[in-house]
Amino acid sequence: MKLKTTLAMVPVLIVMAACGGGAPAPTDGGAVRVVATTNIVGDLVRTIGGPNVEVEALMGPGIDPHLYKASAGDVRRMSSAEAIFYSGVHLEGKMSEVLERMGERGMRTVAVAECVPEENLIESTGFSGLHDPHVWFDVALWSQTVGCVVETMADLDPDHADAYRERAAAYVDELVALDGWVRERVEDLAPEQRVLVTAHDAFGYFGRAYGFEVRGLLGVSTASEAGTSDVQNLAGFIVEHEIPAIFVETSVPPRYVQALQEAVRARGFGVEIGGSLYSDALGNPGTPAGTYAGTVRANVETIVTALAEPADAD
Amino acid sequence: MNERQDWALEVEDLTVAYADKPVLWDIDLQVPEGVKMAIIGPNGAGKSTLVKAAMGLVKPVAGEVRIFGRSRERAEGQIAYVPQRATLSWDFPTDVIDVVTMGTYGRVGWFRRCGSAEKEEAMAALEQVGMTDFARRPIAALSGGQQQRVLLARALVQDAPIYILDEPFQGVDAPTERAIIEVLDELADIGKTIIVVHHDLQTITEYFNAVLLLNVRAIDSGLVEEVFTEENLRLTFGGRVGVLAASGAGGL
Amino acid sequence: MDLFGDYTLRLVALGSAVLGATSGALGSFAYLRRQSLLGDAVSHAALPGIVLAFMLTGSKAPLVLMLGAGLAGWIGTLAVQVVVRRSRVPYDSALGIVLAVFFGVGLVLLTHIQKLPNAAQAGLESFLFGQAASLLRRDVVTMAVLGAAALVILLLLWKEFKVLSFDPDFAAGLGLPVRRLDGVLTLLLVVAIIIGLQTVGVVLMSAMIVAPGAAARQWSRRLAPMVAMAAAIGIFSGVTGSIFSSYLPRLPTGPTIVLVLSAIFVISLFMAPHRGLLWRSLRFGVLRTAPDLDPVLMHLYALSHQHPDDPEHGHSVAVIRTMSPPEAKVDAALERLADRGLAQRTAVGGWAPTPIGRREAQRILDREAGEGS
């Protein structure tokens, strides 16, 4: 019957539409084509690769890498690339199988965060044997990932190896300077003001490097669910320490933090939402926050500005 | 001569099909007010389907049903229907008086609750069928005959001009059968039209004054003494089921 | 911390109570009309509606998403009807098809939108299993308003829905607009489902629809008490689940509510008077006749009917043997009936049923009459 075939066609059409979008661009003469998962990794590779590399990031601004599932189009893009750069340490939680399969097929896969020596990683409290993957907010630590990337690029494209190494060295210098700037900027906050409450536990490394106590409502991965006790406990914590501002994140639904704010308000304390932080993704390309360095600056400005003002308790 | 009297129920050219197979074919039937008519035929003859079409529960492929001269859609509430017992879920959480009171819902109107007046009418109907002691009994605890009486009481409460009963004597004990027939006789005496899908040929002449012999086509219909003949029975029950049975459906 | 002093707990408990009341009440009707699977189908069919609502409007406001969910769920029920009417596919298969197709489309759409910037902000994935801890005050207000409206309509149309559920053909004869009433009742069910999606999610919502009514049925004999009890069970599960999840960290509220509800259902199945399994085995354990004893008891009873004025009149074992199939162990059966007080020896060496035995035989007859046809 016509109706039944139409019904059956709907899912087929949708799958085709999803695959059809994003046809691979024709190869430029010479540029190495690679795929990155998050746009944070993408920015890293692009900076080092320069004009010699064409980077396609699977996840754009505001996308949550913990929940992201690779589509058929993504798999195709990864298969036809020369290397796949991903963050690793289980950040791309739902893509681990796909990445494994790529590795088995002989694709070159590089987990940049795993370049950092393991003793420098923070152990995850919830899951023993696993680590917190959000390494990029410790700028000094992030600069340690440059090594892996440049080695891979030099390997793939020996003709431009020198150019890569030059760019990498320059970038490390830039990151060192950025790290210094952050340390200075956070001095504007007294030690007891340095408490960062966000939607999920993405800022552990930031806290460790720059002296903040960090609390997230959800755990290290947004795939976990917050229970009402988590909201209650965190709300109590905020009231106790009179924290003036809490933060939403661009890649996590703001309602968690809004619910937290309502809970705090109900306890008679007026906490503000201090702004939106880029936690697991960079900002929109073309804006200042579209690069890694820009994002770090934007985040730090938001944090310091919001926390510097004393709270109005009512 | 051919002006339309108001038959209680009139069926014209009615054809009903399921998945391209005819279940009722070109049925013409006129039922005058006040008769007690039986519908008989073998299994698969379309007896229940005819009843459902009269109720507007199935859509015919062709033909019309009229109730007191008005088309089916505008004849709401004119038929008190006693369905086959087996089609109901007797596990439903309710008691006897509650089921009987359902017969008043058409009259009570939207958004209003049934009051003591309706409860009294329901008790009166239960008395007519001899079930007053069972008023508070959950329907799951009723025997077959008791169930049938409750359904009849529900129809009585509705106080409609036409009663249609589908196999009311199927699987009931003799006292219940007698009780039901007495009620039907009383109803006919006060001018109600009774139509019964019936399975027991032995009791036709005793219980009914009109009959429709049905086997996908209307074989014949009319007064029992004229139409309930050997010949017609053979045409209805012997021979093949289907549209090739003899023609002829007369009016009364 | 006192039990309801905490704001978050109050909010979540209230939202869960609204969910429990509406899904319990309306789910009871679905249960009685044998449409429990329809609740499952509608919940799953709601998923593409939620995603499409976000894709078309860019809004993450719960009301918008819920409207999308409701619309998709509603279309799902229409799709089921069309499939059933226009093809030979039976009703339950049609439900399964619609459920799977719609849910599959929903999952595909979810994967598709993750490419859109800021789609993660909408938190659409949380609709799969619910995210009760992120309920805001305005969400609970929306739920309460919708829930109250649905319950008011249910009360106004109570008797119509009752007769529709019990005997739709008779209802048609009364002149009630059966198709339209069915549509309204289905719509109320859809509303009950979308109220719950934020709290327990698409996948678990069907439990909230089915279980309260099924549990309440075990305890009640009439419709009003059943529906009221189902609503009460729903409320209790919602509130208790919220309390548990607020005391134990990382315990998701939605699944906890469903677990509490399931426990109540299992308890009802066993413990309810008259219908409960425990009750039945206790009651009949004392008087229970094993299947092979029943026929002999019935023969005794039938024979005793021939002497209504002389209940002690016995009949010989031989007579009973002729009434029974050749392999029946009549003597042993009679002894065991005597042990249980259902039969007795009479003066001249015959057998007769005791008064208890007669009552038991009549009860078996009544039950068989009720269960048959």
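For clarity, chains are labelled A, B and C in written order, and residue numbers in each chain start from 1.
Everything that follows uses one rule, which is that a contact is a pair of C-beta atoms (placed from the backbone, for glycine too) under 8 Å apart; a residue touches a chain by one contact, two chains touch by 3 or more.
Note that the coordinates shown come from a computational prediction; the quantities given were computed from them, not determined experimentally.
*Asks:* So which chains are sitting against chain B and chain C at once?
*Replies:* none
*Asks:* Going by C-alpha centres, which chain would you call the most central?
*Replies:* C
*Asks:* Write down the pair of chains with the top C-beta contact pair count.
*Replies:* Summing C-beta contacts for every pairing gives the maximum at A-C.
*Asks:* Quick check: how many Å separate the C-alpha centres of chain B and chain C?
*Replies:* 33
*Asks:* If you average the CA atoms of chain A and of chain B, how far apart do the two points sit, in angstrom?
*Replies:* Roughly 73 Å separates the two chain centres.
*Asks:* Could you tell me the distance, in whole angstrom, between the mean C-alpha positions of chain A and chain C?
*Replies:* Taking the average C-alpha coordinate of chain A and of chain C, the gap between them is 46 Å.
*Asks:* Quick check on the complex: what are the chain C residues that touch chain B?
*Replies:* 32, 34, 88, 156-160, 162-163, 165-167, 169-176, 217, 220-223, 225-226, 365-366, 369-370, 372-373
*Asks:* Across the complex, what residues on chain C touch chain A?
*Replies:* Chain C reaches chain A through residues 1, 6-9, 11-12, 60, 79, 82-83, 86-87, 97, 101, 104-105, 108-109, 111-112, 114-115, 117-123, 125-126, 129, 131-137, 242, 245-253.
*Asks:* Flag every residue of chain B that touches chain C in the complex, lowest number first.
*Replies:* Per the touch definition, chain B meets chain C at residues 19, 52, 55-57, 76-81, 83, 85-90, 92-95, 98-99, 102-103, 105-106, 108, 110-111, 113-114, 138, 140-144, 154, 158, 160, 164, 170-171.
*Asks:* Residue numbers of chain A touching chain C in their complex, please.
*Replies:* 1, 3-4, 7-8, 10-11, 14-15, 17-18, 60-64, 67-69, 71, 219, 224-233, 235, 250-256, 258-259, 262-263, 266-267, 284
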